[in-house]
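Lettered A, B, C and D in written order, each chain numbered from 1.
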């Protein structure tokens, strides 16, 4: 469903990502891994429109979405989260979620000002969707909370929830468990699996090898901006280039 | 999801009734004047709140758009156009002028946006002082007649040169502004403004066209500011460059911040409290501004979220504490 | 041609003043992230303090200049401590309001102490001479030379001294600097002191040429702001270049086209440059 | 949202508490109001006006106050700062008329005069507006309760042109202050100067309020090699312009617009050294005025207020005298129409009592001669005094009797279009 074709990004002439191609298939969990500075986030940002690739193309369902602004890419069915937990921390949980649904509705200036029947319908629709997601996240009782009152893990979940609001067909998660302890990580892992079980394709960047090995269907490995391996967790575990890139033991850490 | 509890609604109803009856209690032309002007400033401050408070873009051209409304009404009514037509026309003019300004300045962010809009504001102010054929230069346009009498069923003939009529006219526009802002702010659409203010990258990533959102907010603010300016033109009866100056922008900004940024009532409270404070400091004469300047610094240090923001924060702390206690109790029992 | 050269000379002199004032502001804005809108009023205060020492106490010009710089430096420290440090962590717009409060206070203070009438100190170097067919006064040349000296001095200070390097470190990464054990509060105070002292220096050099009045800081402060943004927030070369550009635009625009719209050229140039480069001439990519 | 109740309640309480603080003037006072710039740009000008009003009130009170219908009153001056902001000016005027019961209010800037003319005839708060602004625009707004104090600036334009022409100057260049006043001045001057056959080589206005270095514009105007420069705005910066022009090598003369006062510039900017000013035409130095009370008045004024005296102070002093004496004659302190109507009964003023005596009224205008002076070779010359409102020689000769004269003054007739009666 998603295709990246020889993506390259140069910063001041230096290649952060060089000639990376891969595919994401409907319904799978694909993980992108690599040591720090391998170009994972840059790649991610090119996929979601934050950066424009220096060269290369991005396709979603066969449509060329290269160079589209992030807010346009969302409408193509692809949603993302950010590495550092990114929320609207001045707003309540429920508000955070409803914002994520706005693009699906016609809730514009005039509808809102005049409270048209359309407005009422959309507003209710957004609310119901938010309640649905809250339940999915297990945050129903916190809907009126402001963000700082949430735990680290709850915030991570909410970030995923916001991305889910717009009913994306593909979800891109940037280190969804960064900074969490094992127990919390497990809970988030289960959440991701449930998302996939609902039929949403997931692409994930992660550091935690153990978690990835258990979660991902396929893995793409980057090093120094280049793709050095691609395959199932088992294949990756035994891939010489990957082991070297991680200085041997770290893969199993 | 955005409804208010019943006692709050009753309270606002009481305030509304008090506002409607106020002219019966003010016999003094001076206080009346201060109140009328405060209403006009409150309208402009509410508009500023939309772009600065809710959308987080520090537009410092606000005074200039107020001025466009004032000059628009002055020029059109002088040319014989009815005030009731001139006012919306002037406001639309502000939106049209705001379009290129917004398209250029919204490309920048943060301090840069503030300064670019300040520059636009200053340029419009200079133009107001020098385009003599259109604006009358520094002398401005004077002898602007109040709107003609209108006949209202049940009430009878309204003469807009009286302070009471001006008061109700201004009040009607303030209520209209608050009504519109209330609808916008407490809605999913309004949430997108706050989303842009709070986290532009995330807003972008969840499908919000942040540029358009900012532009809509900017233009809505300009429209309302121009309405306030148009009313100013007929209440004061003369328009000169000071009605389009950056001094006005700073005043609105002070009302906004001290009243409580990003709260609907804060703008109104600020726009009433500060001019009244300034008036009551008149007895200090030469030391009036000395004291005011120092007060401003002290207040911003101790009440960074303004008056309403401070109370809201207090409320939140209490609520959080109560909630925490409750959840602790649940844990114990469970 | 003579007229043109004369305008260029005037533009450079204006630009020198703007450069010094903007330099101080860009330090505070870029390093401490404080939009100190009262900077022009500190300049005004510097002028009055020089007047006090020169005209009221009868000290010589250079001594008065030094005294003014020291006093304004102390004012800067106090202002940082009392007004801006308590605002750390609040949104920048609050700093802006506090700055407006400060400038209202400073202007009212000058009005209360020195009155509304314009004051001026007698020109210590009123001699004129001809150069390339244009008329110059020694004082004006002095302004240009002093600005150049200050710029060079500041450059060496930032690049060659430990303190300068520390300030730069704080500018680049406040948290990081704090972790390496730099006393950020002290650096803030020192930066503010340098900023206000340079404003006093500019005011001292100009006070023999210009009239002092309590409201003179407003427009200069605004221009300094514009220059800082024009050059790119926190960029020292940007502030210097921006200052000279603004000075020349004003002198040439004011002399050849229209004085009424002189400031329109200046402010318009800023809008033009920022619409092409949204973060200024020397700005970092994402501010 | 409970938290909103408190602020609202406090705001309401605040409004009423503030309303309760109304301060009524004491019964035995008659209040003369003033609103004008006392801070910000124009503060010096506003203070001069207020000082003149205050000094008149002091002088009246020293003489035992005024007697209206057998009752004794002390004159109290209440001055409020409006920073030339129309909103504040209107607030101030409302405050003065509602709270302090002032029925006469002075204001010295057209930008604030115009909005005040919008409210001074409202039945709830009538007041007589004493407008100190020389722009003819005031007379364009129909208003029965406005008096304009200074002579129209066009009278000065004609007088200065006349003097400059007689000196043999033909080619001039202009660098007048920006703003409404400056715009009107340079337009009027250019028009008149070209009408009598002169030439204007350059016109580069400059902002005398915010700028202090005029070298850019000066170099441009001087490059056209004029014989004289028309300059001026507030006095201090005008002095700077003279100095900077000399520094730029200019040797010609100067004509000063009426806002700039040559004696003030000489004393304050050049520390009394007239030789540094070159040849100057402008409003007459105060010491040259014909009234015998001038020197004593000067001394008192400067002692009392610590600043150099100006025409603003003088004319407002005289105008205040008219107001209070008119109150006595009208037998009322709170009927502005009657007070204004009684002006005719107290005019002309006695030159042995008032330093700048007004002669009469013409519509909303008080009449006074325009006085122009000159500096030649570091010395003041005789003062020229012009009568500008009589329509023929005979009326002028008739009027001469009530006009103050001295050996140092040359009086002549210079009819001004639009004002002849």
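The rule is simple: contacts are C-beta pairs under 8 Å (C-beta built on N, C-alpha and C of every residue); 3 or more make two chains touch, one makes a residue touch a chain.
Predicted, not measured: the structure shown is a model, and the values here were computed from it.
Novice: Tell me which chains count as touching both chain A and chain D.
Specialist: For chain A paired with chain D, the chains in contact with each are B, in label order.
Novice: Tell me which chain's centre, taken as the mean of its C-alpha atoms, is farthest from chain C.
Specialist: A
Novice: Would you kindly tell me how far, in whole Å, the mean C-alpha position of chain D lies from that of chain C?
Specialist: One centre to the other, that is 36 Å.
Novice: Measuring centre to centre with CA averages, how many angstrom lie between chain A and chain C?
Specialist: So the centre of chain A lies 47 Å away from the centre of chain C.
Novice: Suppose each chain is reduced to the average of its Cα coordinates; what separation in Å results between chain A and chain B?
Specialist: About 40 Å separates the centre of chain A from that of chain B.
Novice: So the centre of each chain is just the mean of its C-alpha atoms; given that, what is the distance between chain B and chain C in Å?
Specialist: So the centre of chain B lies 33 Å away from the centre of chain C.
Novice: Tell me, which residues of chain D touch at least two other chains?
Specialist: 38-39, 178
Novice: Note the residues in chain B that touch 2 or more other chains, in rising order.
Specialist: 129-130, 286, 288-289 - these are the residues of chain B that touch more than one other chain.
Novice: Pull out every residue in chain C that's touching 2 or more other chains.
Specialist: 107-108, 111, 260, in rising order.
Novice: Determine which chains touch and list them pairwise.
Specialist: Every pair of chains in contact is listed here: A-B, B-C, B-D, C-D.
Novice: Which residues, counting only chain C, touch chain B once they are in their complex?
Specialist: It is residues 29, 35, 82-83, 86-87, 90-94, 96-98, 100-109, 111-112, 222, 225-226, 229, 233, 260-261, 263-264, 267-268, 270-271, 274-275, 278-280, 283, 287 of chain C that touch chain B.
Novice: List the residues on chain D that touch chain B in their complex, please.
Specialist: For this pair, the touching residues of chain D are 1-8, 11-12, 14-15, 18-19, 21-22, 38-39, 80-81, 84-87, 90-91, 94-95, 97-99, 110-111, 114-115, 117-119, 122, 124-125, 135, 137, 141, 178-181, 183.
Novice: What residues of chain D sit close enough to touch chain C in their complex?
Specialist: Within the complex, chain D contacts chain C at residues 38-41, 43-44, 46-47, 178, 204-207, 210, 212-213, 215-217, 219-220, 223, 234, 236-237, 240, 247-249, 268-269, 307.
Novice: Could you pull out which chain A residues touch chain B in their complex?
Specialist: Residues 48, 50, 69-71, 74-75, 79-80, 82, 86-91, 94-95, 98-105, 107-109, 111-113, 115, 119, 122-123, 126-127, 146, 149, 162-163, 165-166.
Novice: Quick check: in the complex, which residue numbers of chain C touch chain D?
Specialist: It comes out as residues 2-3, 6-7, 10-11, 13-14, 107-108, 111, 115-118, 120, 126, 128, 134-135, 137, 140, 206, 209-211, 213-216, 218-219, 250-251, 254-256, 259-260, 262.
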